[in-house]
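Report on the structure given below.
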Amino acid sequence: MDAALLLANLANPPVLFFFLGMLAVWLRSDLEIPQPVPKVLAIYLLFAIGFKGGVELHKSGFDSHVLTVLGVALLAAVAVPLWTFFALRRRLGVPNAAAIAATYGSVSAVTFIAATSLLSHLGVSFSGWMVAAMALMESPAIVIGVVLARRFGDESATSFEWRELLREAFFNGSVFVLMGSLVIGAITGESGEASLAPFTSGIFKGVLCLFLLDMGLVSARRLAASREIGLFHVGFAVLAPLLHAALGIAVARMLGLAAGDALLFTILCASASYIAVPAAMRFAIPQASPGVYVPMALALTFPFNVLVGLPLYLAVINHLWK
Amino acid sequence: MDAALLLANLANPPVLFFFLGMLAVWLRSDLEIPQPVPKVLAIYLLFAIGFKGGVELHKSGFDSHVLTVLGVALLAAVAVPLWTFFALRRRLGVPNAAAIAATYGSVSAVTFIAATSLLSHLGVSFSGWMVAAMALMESPAIVIGVVLARRFGDESATSFEWRELLREAFFNGSVFVLMGSLVIGAITGESGEASLAPFTSGIFKGVLCLFLLDMGLVSARRLAASREIGLFHVGFAVLAPLLHAALGIAVARMLGLAAGDALLFTILCASASYIAVPAAMRFAIPQASPGVYVPMALALTFPFNVLVGLPLYLAVINHLWK
Amino acid sequence: MDAALLLANLANPPVLFFFLGMLAVWLRSDLEIPQPVPKVLAIYLLFAIGFKGGVELHKSGFDSHVLTVLGVALLAAVAVPLWTFFALRRRLGVPNAAAIAATYGSVSAVTFIAATSLLSHLGVSFSGWMVAAMALMESPAIVIGVVLARRFGDESATSFEWRELLREAFFNGSVFVLMGSLVIGAITGESGEASLAPFTSGIFKGVLCLFLLDMGLVSARRLAASREIGLFHVGFAVLAPLLHAALGIAVARMLGLAAGDALLFTILCASASYIAVPAAMRFAIPQASPGVYVPMALALTFPFNVLVGLPLYLAVINHLWK
Amino acid sequence: MEAVKRIEIIIDTREMREVCRTLEALGVTGYSVIRDVTGRGDRGVQSGDELTDVFKNSLLLTAAPPESLAGIIAAIRPILKRRGGVCLVTDAQWVIH
Amino acid sequence: MEAVKRIEIIIDTREMREVCRTLEALGVTGYSVIRDVTGRGDRGVQSGDELTDVFKNSLLLTAAPPESLAGIIAAIRPILKRRGGVCLVTDAQWVIH
Amino acid sequence: MEAVKRIEIIIDTREMREVCRTLEALGVTGYSVIRDVTGRGDRGVQSGDELTDVFKNSLLLTAAPPESLAGIIAAIRPILKRRGGVCLVTDAQWVIH
């Protein structure tokens, strides 16, 4: 069961292209997808997934089930950074613990998209409005991380304006595009969907392949260059997603989510942010080392989730749900 | 009627994304579509619309109706800069008046595309060969603006070669791609259309959304930064399109254009150029202030036409035509 | 027959856009497709053609016919640089002869893609696995060129590590993407094909048009700027593809290839590399002049093959095969 | 030609806006910015290949009259202290036009 | 090492071609150009985010023998006068190879 | 402020990795790289419009203590000899923070 799913995941083109990117770095190929194209591909993916999620929301509406799930997702985005911070504080110091807490409390949109791609690949249905849960879970951990850093750390060292931080947390480019596309999708509904489908759905999986090829390149490069990463960090970067996934699965079961939605909820808990969070941390907790929290999320947790985590979590869900 | 059309326009995804881009600047999000990607998106849009127009021309041929409309379009592109120059000369001085005359005499391809998108959204048909009218109206105003600046201004100050100017007016990148694609579309006809349709039609509206997101960002930024713009300029930037649209509608009525074509002809008259013209003006009339004529076209007239003008002009046309 | 095919080739949109790009340079338009977008378009094309080839290979499998053709392709990639080197050595000196040998021994993926586009345009079928032949023919000529330069030239002048060179030859970005996509296509087969088709097939021809527009620009610019190119180089750049094509057609006939595959095999022999090879030559044979071997391949042989060669070779094949 | 100080500041792309605001507040009316600069320094490698502008630098160049140098440095130094980066000063001649 | 003048010209991207032609006409055989430079100067902000190269600068750098400096400045100054931009000159050492 | 040597190396983009490795081996811990530089020199025009990084230069800038200059030049010169490119050295002041 497990092995079959693992294979099915590995035979999904986006995952294969991710692996191809990592291979390119290991074989020291000079392959690159030059900037700023990957940035625009990321905007495209957020645009497409946000828009499609908005259209789904238009169809389903905000019933009590949807609202409950969104509320619980928000709670998870508050709980994860809190426990993470207190678990790491002794060992890594307040600034790094706070930054890692924010990183793992927030979510990785690309991992979420990889999860939807796996579900489509396997023909498992899921609710488009789970994108709204993702959008809600991006920002809170940033604010919590900074509050913790100031409360328990050297307050004078974090000189910044709250206005700036809140803007960074809630209006940074990726959150903004995702949220905006979600709202536009919800406004335009089926008519918008029909006219945009070739762009937002037709070429989606192909663009995802190209983007994951780049992600494979970048994450393997970052892994090779990460000198500040020790065994403890590696352990955390692999165990934290497993733990968060276990909790996510338990909560999803209690909420009565269907298998597809359960996987999406689980991956939101288990993934770590390497886009929105680092930008905010660099600005608000400059004493924390980006050479630690970025490679943990980007070069360890992300590949782990994409290559191993997704099929594993789904196997567990399939086992429990049936 | 008016309000319904206004709402229909505002519910069209490209317009919503344009607004989202402006919102991002007002909320001080760091969202951006990094250059040079927007440049390439613009080339794509010109390529697609030119090609499709050429295919239509291949189908319809140049009958006397088409030729008449093209001839009148050319006349409009000569008349608008002439009256604009003499209206503004006293108040703004010869160089700025000439540059603004060229700006408003030429056309905005993106506004034209937004108009076709509104028509498709509403299911109103239009003739693909109107693209040829747009192509014809891009360049003449540039030449007229420069002639006026030299005739009435300080001739010694405009030292440049005519060869260079004509090349700038007729062979600048955007005119060239539009014209070239038009010709290629006309050569290849239906067979070319079939093989390119997923690219030129399928993903077109989606790319337009992304592009207008960027246009919203840039035009809101330009509005915020425009310190040389006074009330007079704002008034002109809103009233000129209204006046030119009224004239355009009158002419379209006399020509017996169908409603869709009438809107396209109207928007060609009412729109102002912020791509081809500024490049030429900077070069040929360096005494004119780009800080005036660019924000007028890009940050005032363009959003006005896209958000308010298009549904307004169409409402008037619908009213008169029925 | 010949003339009809020439016209059919010239009416194929990608070829027309290539010509449009050249025209832009001749008319001194400022049109450009700004970097790094063309680089990413090239990656897209290699990705798409590699993936589709891999899927075909998945369907057909490696039967003895396929293996024979691949083996002969490899032989051709060894034979062409050998004779080229000895033919040019006297006249151009060892380093330039070796670099040109590598250039003409390797292949141009874009020319290959243009050939598939011509075949689709004419409705002639071809085997997707010919892409594997192209992938095999990219690298050997590089190694052979360098071996010849060292064997017959000043060995001390070519100080480099073999490891680096082999990596450059076999793992450079374009070879890597092509090979990787081929393998991924072969792994995922029909299921992958279905989900990626709108990206790899739907928009393919449109992207090819845009890319060839850029190739037209670059190759015309390079032609205008090439001061080191003499009549001898021009002669070689036109006669070599004719000769190699003749040999290719003869071999294809002996192998019993179908007409479409015969054209692809022929164009692999007749085309010259301007992507993978220059990078390797610059590094491994720095005494050779990139101002010679790059314009020969990019500004002479490439346009010759695309505009004249392809229809000519196909006319001969059609004549012989029927 | 006029003697000026050529001041070059390399710093995180995300901090560049603050640097520009600081300079403008000091009355600097002319400067140029190169946005895509990678590098290596005390805070590690800035490889510029990420999706955000974290790990990317920008370079600002301004030619300023010698008497304004002290003020500029006093204003820039705290930013560099907090955010990293370098500031180099060279003597140059400005071609008056 | 050889003493040279390090000349830096920042000007509209669209004017850069003319600058290069002018330098080549003077016999300058080596220069480098950085194309995407934003900035602020007498003629306002050049933000580089537009669809055309209007509102974008380029930077040209050339190391030239001291004796050629006067000629270069004389040729460049009228362009700067007409089109704006700056030209800075620094003393530098060229590493001969 | 501290007196430093401002060293600027313009070379093929593909050679830049070797230059960086060389500098790091000499203990240089800080440098900046601008990747997209076109130019013209003894080996012709580098127009930067190709699909590979052939025909494109990069510029490296490093501020180094004066005593390390000789070592850096000795290490860089052979690369320039083999691969072309230029290296300029200017006196500068480093703003200590």
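Read from first to last, the chains carry the letters A, B, C, D, E and F; within each, the first residue is number 1.
Simple rule for what comes next: a contact is a pair of C-beta atoms (placed from the backbone, for glycine too) under 8 Å apart; a residue touches a chain by one contact, two chains touch by 3 or more.
Everything quoted here is computed from the prediction, not taken from an experiment.
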Fill in the blank from the handout: Relative to chain D, largest Cα-centroid distance belongs to chain C
Exercise for the section: Since chain D and chain F are copies that touch, just let me know if over half of their interface numbering is common to both, same, or not, different. Expected result: different
Completion exercise
Chain-centre distance (mean CA atoms) for chain C and chain F, in whole Å, is 34
Handout entry: Mean-CA-position distance for chain B and chain A (Å)
Key = 40
Problem - Centroid distance [mean C-alpha coordinates] between chain D and chain C, Å - result: 46
Problem - Junction residues of chain E, two or more chains touched - result: 34, 36, 48, 90-91
Problem - For chain B, residues that touch 2 or more chains besides their own - result: 32, 35, 37, 39, 198, 202-203, 279
Problem - Chain contact topology (line, ring, star, complete or other) - result: other
Fill in the blank from the handout: Here the pairs of chains that touch are A-B, A-C, A-D, B-C, B-E, C-F, D-E, D-F, E-F
Exercise for the section: Under the touch definition given earlier, write down the residues of chain C that touch chain B in their complex. Expected result: 11-13, 16-17, 20, 23-24, 27-35, 37, 120-121, 198, 202-203, 205-207, 209-210, 213
Problem - chain D residues touching chain E - in the complex, by the definition given at the top - result: 1, 4, 6, 20, 24, 29-36, 61, 63, 90-95, 97
Exercise for the section: Show which residues of chain C lie in contact with chain F when the two form their complex. Expected result: 32, 35, 38-39, 42, 159, 174, 217-218, 221, 225, 228, 274-276, 278-279, 282-283, 286, 290-291, 294
Completion exercise
In the complex, the residues of chain B that touch chain C are 35-37, 39-40, 43-44, 47, 51, 167-168, 171-173, 176-177, 180-181, 184, 187-188, 191-192, 195-196, 198-200, 202-203, 279
Completion exercise
The chain F residues in contact with chain C across the complex are 12, 14, 36, 43-45, 47-55, 82-83
